[in-house]
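Across the two complexes that follow, subunit A remains constant while its partner is subunit B and subsequently subunit C.
Showing the complex of A and B:
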């Protein structure tokens, strides 16, 4: 069964128009036209006629959930989401950043999204690899049947084979290249802190301009802040102009978290944010 | 610019043996802003304290660092010295070079180097300390006692006699605890009921005690001086205000269940009082056993009750009480010896555990005090096995402390009530209490046979199928023994209540390796806990006999009183606040705080702290991603400065 991007786009437009016309929501977060077909952009439709500007094609990689927290609490929002994007919505609900009742989730089952930079298929290697949204109100299209073939953590095999020193050397080399454009942070739906710790001056946690020690401080802390929260959309890594494989680190932490606490980020709104939730039966492995 | 004084304590040789103390003082004097640095044998002594006070005046110190033992020991001592010298008490820093340095190494060089690093960190932080003002709060004068065993009863009575209002919360339908199950108590062999029931009755009659049976604590909020405790009153299905204890209902009831009170040796009714002297002496319905609840038909009790006290529609209810202090006295369980299959408990009818035997001796027990086996016959030979599951690396390492003594008591009672031969299988007899050794000697005289050796196995006799064989090595003669007996009595390990973990979580108590509640200090604060205003007494703290339990209960009552006699209480100033400009509204703080202090201010879109609830534990600060939480006395700047100081080494 082939996914028809055209059909999804049409259906998105129709739903968006309907929701805006009825006043059910005051805005719809989706994708719109960019400077060419390969570069669609995040898009906000605020009135029924804006719905025509919605675009959906194989390059719609962005995670619209990123923009949910921009609007005042209580704003009624419809948000178009692919599988991983829907997990971000779930995680934000868990963290009480948005309320379930304020959202209309337009879930898009899809596979075949491509990285505009490389043209490669986006799959479980750089994202969670799921096909279907985990939570939605309106399903745009039909559920994609079947399961992703490989685990989202399979890509870690090579990395996990390295010893401690090799891992450190690996990340040192990667992170030394960071130019501190903060695109990763801007793209991430879970990076909503304002100000981000790295921008604070009292205390100054690390150097703001690109240099090895500050880069390490920024990234290690960011990885840590996303532990148990990263929903594996892979947007950070795709946003990175120098192609640092941030997803590897995030996946490793997510895997550890899942193994220790039996919970993956953003899978159910019944879950509580795992690292700030205490359960008697929690594993003590984290202390080792 | 600060003017810091550093005072290095030798703690006799405790510190001086692995830290070169004068070198440390010399090193301190080279650090920036340190204007005076001295070492002294015992800094906490009066001359030590005077030395600090003099130096504060003479050198116009504005920060003091005492390099000594844990702040748990003497922080208060030295804070008072500062306060008396006109310095804000929060300008004191304690560097723990005893527990953290001298006691964890034998190496003088290593010890000295670590002490220097810690001190260097402390000097860096000390400069940034700010004067703080302690908070003063009102204290609720009432006390809650949790658990109505002898410990809880004693504590409640003591407190009530001082005029305090006491809530005595007991999960069972009667108070009394384990002591109410016994017939006689060692070493005096006085009748347990005779000394306990008058106390139980006093509890019921006392105008200052509100007895809350069939109750459990479901939530604890607040803190020392001001606890808000939610109590769940379990449905009893009998209105105790109407019931006049005629007990006509218990006679008619067809429902049956095993009697917990008689350790399962007999049955009881579905509507029942556990034993004749129960307090309150009013029945409750056991839902699981009640024919009406099981089959929808019966209601016999309702028919015979002239008071119309039976109410099948009763639900659990919740109420909140406010108290200033809490005493936890939740007691113990005996370990389930079925797990130790070598002793055959649960398999051979002739094997009993100690509490079952207590019931056999008891004239109000299942056999009216006659010692008979399950088939009604009288045993001719009885073996009492000590240390079952206690002092055993494979099960519980601790000594249960009372088993030697009650085993001797059992021997005496067996001798009194039967003509059986009685054998004690022991590792060694621990009879360290007042009158205990004398009691032991008395039992030896009574022709009880003592075999030193831990029993390896209890098996069924091949020749006489009704009898049991006890196998052990007599470690005195070195001989292997196979002794035929009719009755085997196990003395199982005393272990924490199965609900101890829940209680610990509710009241923020720590537990020790065995799971007993941990005291604040094993010697100097044995009844206090890390949770201020919460005290422990009785076996919930560790195995002990009744005299020790009662002594602890009185002590805990006195400790609780020291809190509730005051109408105001000074609390640590070390609380936290939120800088709203940095808060990103993640609400991590709200989720992790064990005391419910942070809350989300929805209109402002930021979290705030209810400072009255904050204990200054710092958890929130550590999970705040945008460092919006400022922990007074442990600000990010202060902690980072300390770390930088540490890392210079």
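Showing the complex of A and C:
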């Protein structure tokens, strides 16, 4: 890679300091120092001196776009995003959760982010595999040329080919393990409902204890709520303390949506999310 | 005793429910396995209704709405069509037989179609047998 993580970090710091000093933004969302090198944490810089706390290394997996919806509307925010993260920003703009004019997007084209848990490279297998941010104001570093190594949906082939009963057994085994810590929901940049359907008492949609029935209800509904909105950052699976491969189901739903409605989530701010849109000429075949 | 499936029918007030009414008033015979819930529009159907129905022991779910373009609220069923298509894909990927969930457009004047769809669907569910995958034991 042409630009090192060190250079990106320096440039991020400079840019953050400039934005905060000029008063262009009131906060910068990025990554900061964690308890060790391998675990950088999401970080909010609120004044120019905070900018020195920004860190960027190969373990910066978190998606700072997650925190955009936590601030009152109209707050001027600069957000540092990697390629997949920028799709979250685009999707949030589509859903009118944030305004484009309130944002300064610091796009980081990057390849080589690693999962701190496994040390594996995060690529098209667990995420959308994009190298370059789809939307940015300031590009930190240089655009990475070349196509993603594999199609983001290639990993699904194995599961789609599975026998239906085997697939049910697979998901049952995975979802039964869920401890309902809701880390997937909290790590997800697109999960912002307040209250979440599972927290509602009336109607009570599903059991709240970490037991198979409630787990199935929670996860299936969550997959549905993210249909056509999931931007495939894979953060849910990385946040999961019991390693449920949630990204597989999200990828499958994203793939189906793309096939049926011809639009991937978070690629253009002109688009409308597929499930709040329709076309007269949608075919009834999709229901078969 | 032979297996008598429990089928949840969710019918839109303006078309399918009225169609079901027509089937009744014209004395058409159809299986009694369907329990119909009336909603104001097919787009009123929260996909969680369907997941929950399967959890609470439904062997099949039949959703009825107006024909696309005929919605009482103009566009409701067009949103529903997309949404329920996603629901179907999710159920299938989770491992449920896709035949257990069906969406049909039945207008207020199609009493015949209602009876025919319910008969056909009940037969299909009988062939599939009891739904045990999602059911809370």
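Here is the rule we go by: the second predicted complex is superposed on the first by the 280 of 288 C-alpha atoms of A that agree within 3 Å, B and C clash if a C-alpha of one lies under 4 Å from a C-alpha of the other, contacts with A are read in each partner's own complex, and residues count from 1 in each chain.
Assume a residue touches a chain if its C-beta (ideal position, glycine included) is under 8 Å from a C-beta of that chain, and two chains touch if they have at least 3 such contacts.
If you're wondering where the values come from, they're calculated on a predicted model, not measured in any experiment.
Annotation: superposed three-chain arrangement on subunit A; subunit B versus subunit C shows a clash. When both complexes are overlaid on chain A, the residue A:208 reaches neither subunit B nor subunit C.
The partner of subunit A that touches more of its residues, comparing subunit B with subunit C, is C. Judged by the touch definition given at the top, the superposed model places A:18 against neither subunit B nor subunit C.
Of the two partner chains placed by the overlay, subunit B and subunit C both lie in contact with A:197. When the two structures are aligned on the shared chain, A:276 is found in touch with subunit B and with subunit C. Touch criterion met: A:252 reaches subunit C, while subunit B stays clear of it.
Within the superposed three-chain model, A:168 lies in touch with subunit C and out of touch with subunit B [touch as defined at top].
In the superposed model, A:286 makes contact with subunit C only, not with subunit B. When both complexes are overlaid on chain A, the residue A:216 reaches subunit C alone and has no touch with subunit B.
Look at A:227: by the touch rule set out above, it reaches subunit C but stays clear of subunit B. The residues of subunit A shared by its contacts with subunit B and with subunit C are 197, 205, 275-278, 280. Against subunit C, in their complex, subunit A makes its touches with residues 159-160, 164-172, 197, 205-206, 213, 216-217, 220-221, 223-224, 227-228, 249, 252-253, 256-257, 260-261, 274-280, 282, 284, 286-287. Note for the complex: subunit B touches subunit A at residues 501, 505, 582, 584-588, 591-592, 600, 602, 605, 623, 625-627, 636-637, 640.
Taken together, the subunit C residues at the contact with subunit A in this complex read 47-48, 51-52, 55, 68-69, 75, 78-79, 81-97, 103, 105, 133-134, 136. Residues of subunit A touching subunit B in their complex: 73, 95-97, 192-197, 200, 202-203, 205, 225, 272-273, 275-278, 280.
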